[in-house]
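Take a look at the structures listed below.
Presented sequentially are two complexes of chain A, the first with chain B as partner and the second with chain C.
Up next is the complex of A and B:
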């Protein structure tokens, strides 16, 4: 509770530090407009046109549903990846054999291009929610797994010895000695996995479904609706920026205050 | 009667013999110091006595009701502030948070930490402050046996003396027994009933020095005289490979 309060208290200061970021976004938009004046609307619609299309889209019922669908798929996939990845990573970290056995599997999972998973999933599950969710899970799972595994494997033996010398009961050992260390590895992994989930969900939708943001993007492409496509891209990027910088980053800062 | 008995203790790390045939007994209310060269196995011996390492040869028999350990490095939890670190042992014994906090504050002030330090994380403390927090964490639980592994090595002489006086006060009241490791012979003479000299390769005890005078009555003259005497001792010279001028 105290913790939550502190995050809220430091929040305005954090936002203030975002001026630089906003400056760079405006610079980017200026360059974009220059590109538009050079190449013309068909290749690169102006920012103004894009944002007007975007506003129209956001009021559109169908588009709201599409965003909802995509969010749900990404959320479910990410949730499964987090639960599976964190718990299996912990298990693997605590047992030497398991951690050695899991290494090649992780390498394969990380190295496999997501597009391959999409193709396989389309064969296994057909066109639909399962394919998208499956791909999201497979793509973000290894990131979480590795974070959790490393957090567990790098636990400080000296501190556990100290915990033993004070005869800490198991719940204190877990929450005061192990958890903060593991969490400092797992949380950034969650953030990375969330970014991955968001990218993959769009790609999978584009190829394997008829609804959601990805599918809308496919439609925009087939109709050569460049402004619409760009507006969709803006939605995707804006939601990612929002989640990452407004929700996750302040939490991360507080959680890692103790780090030098 | 509480006591710590060590008999025929030998220890190996891999194929290297670190300790050989260590024997001593620490009675309740006594202070037993171990001095010896760096790398001689003192920390290892202390860990064996505190049951932090498994005894493979020989015997360690500890009947003290409670004990705590101040490590050579501070070993503070980096994600907890000064007070929370000090409270750790108290909370582990099931003490309520509010009273644990009170006791932690009291001992922190007594150990020369300031109120502005209470909320700091270990990364923002100086080496000596960390050591004091670690020492406070060990002492705040009022253990009947205290294992100290060079707890004063990073402190200036004033602070060192102050903390030694706190220990001497407790020794005088027979509140505590201490197994003490130090590099500082004067410190050992000021605090101990018995000093064991541990010679390296493998670590074995070559000599014991006993001091009968109660710690509280030992003044600087006594400590200087005894230090001068002990520095002339041939075993000490051999163990520390002192060059005599």
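Up next is the complex of A and C:
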């Protein structure tokens, strides 16, 4: 509770600290605008035109549904990856043998390009939700797994010994000794996995479905609608920035605070 | 009189042994502030008379000359006070500039003002040589900043040199020596003044706020982080160049928005670790400078993107009267307290001065939205502006005319 209160208390000043980032983004938009003036609207529509298209899109019912579809797919895939990755990572972390065994497999999973998974998933599941969700799970699972494995492996042995010798009740042992440490590893891994999930879901949709943001992007491409495509990109980036920097980053900061 | 030692008592190592220095010439800022505050009021009245055609000055282009005077005429006074007061503190061992020599330099500034107001009769060359000589002397006085091996404050010197170049360029155009757009050069100069102010403010902030925190026993350290200021300077410079080469181009508009955001980012310095200082009046005063500069750039950017910059002339007053005007007032307040041997104090008068400037700016800029009431707003704006400096005269005239309250020389 205290933890939550502190996050909320720091939140306005945290938000205010974003002005520098907004300044950089505006400089980038200025560069984009200069590019538009040099290359013309077909190659690079002006930022203003893109934002106008974007506003129109957001009021469009179909587009709202597409966003919802994509969010649902990413959410389900990410959720499965988090549950599987965290629990298996914890298990593997507590048993040295399991940890040793799982390492090479995770390396293989991490090393496999997501596009290969999409191709395989399209063969296995056909065109549809399963393909997308599967790809998201497979791409983000290893990140979460490694995070929670690390968290468990790096637990301070002295601290747990102290907890044992003072005969702490199990809930204190868990919430005061293990949890803060493990969570400070697991949570950043979740954030990283979410970023991955969001990127993969668009790519999978573009190749394997007929609805969702990725599919809309494919349509914009086939119609040479550069403004529409850029507006979609803005939606994707803006939603990721929002989730990552407005919702998750403040929590991450608090979680990692004790480490420094 | 027993009083605890104040910070600014160590602001010089040696004091010149000139005899019979009157209090108003005992330190660089004194004669300047004694003249600058009344001049702010007098010039506002003169501008009203000139713009309404009652006095037939500046027959060629009154707007250009108005921008010139409010940019360079006031700047030289502000820079003179800031540097003659601050440099001996930044470079221990430097002898304060006081007494007779100070009097002559201040008279040079006054001559510059007279030559400016009577430019229709005395000609551009007289005004140009007097005013350029003034800024040139300031740069000569500040040469130590540039020659300093550590280059700690060199940026101040370089910014002044750039301003000298811009002023010379402006006069060359006005004297028809070269072709050019005088107003565009002045807009560029406003960008350079903002850069100079950002550089100066970083130092003022560090001094004033930390002194305040120590004074009030607040256990926190304020640090003005250079990267934030440098980013803002970079963005402001980019916008100013963009405005010169591509006025009202959409890219310039986005650059203005970037400058606005970058300026707001500087206010994050006030969020100090281990303490809360946002309830301190001086923090709010100083913070409002960044706020007004930021609003100015942001609104100009918005105006360029949505209306081809038709309101930029009005909106620019957020930067000039607001940001720059408040900076001069803050320097006058902070130096006026500390360097007359007093604690940095906020009272009803200081609140009223800052609020008056803010109201003056809001009225001036409000013309964009309430064009029908333009005349009333012009008048109100001038009234608030004069109120601010009138209050300054009332509060500080006695301090400036008397020796330091703590008995230290200077």
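Assume the second predicted complex is superposed on the first by the 260 of 260 C-alpha atoms of A that agree within 3 Å, B and C clash if a C-alpha of one lies under 4 Å from a C-alpha of the other, contacts with A are read in each partner's own complex, and residues count from 1 in each chain.
Keep this in mind: a contact is a pair of C-beta atoms (placed from the backbone, for glycine too) under 8 Å apart; a residue touches a chain by one contact, two chains touch by 3 or more.
All values reported here derive from a predicted model rather than from experimental measurement.
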Clash-or-fit label for the pair chain B, chain C on chain A: fit
Which superposed partner A:167 touches (first chain B, second chain C, both, neither): first
Which superposed partner A:76 touches (first chain B, second chain C, both, neither): neither
First (chain B), second (chain C), both or neither touched by A:176: first
Touched partner set for A:16, first chain B, second chain C, both or neither: second
Touching partner for A:46 - first (chain B), second (chain C), both, neither: second
Touching partner for A:119 - first (chain B), second (chain C), both, neither: neither
Chain B versus chain C as contact partner of A:84, first or second or both or neither: neither
Touching partner for A:218 - first (chain B), second (chain C), both, neither: neither
First, second, both or neither for A:251, with chain B first and chain C second: neither
Distance of closest approach, chain C and chain B, by C-alpha atoms in Å: 11
Common interface residues of chain A - those touching chain B in one complex and chain C in the other: none
Chain B residues touching chain A - in the complex, by the definition given at the top: 50, 52, 68-69, 71, 73, 75, 77-80, 88-89, 91-92, 121-123, 137, 141
Chain A residues touching chain C - in the complex, by the definition given at the top: 13, 16-17, 19-20, 22-24, 26-27, 29-30, 33-34, 37, 46-48
Complex interface listing, chain A residues touching chain B: 158-159, 161-162, 164-169, 172, 176-177, 180-181, 184, 257-260
Residues of chain C defined as touching chain A within the complex: 228, 231-232, 235, 238, 242, 249-251, 254-255, 257-262, 264-265, 267-268, 271, 305
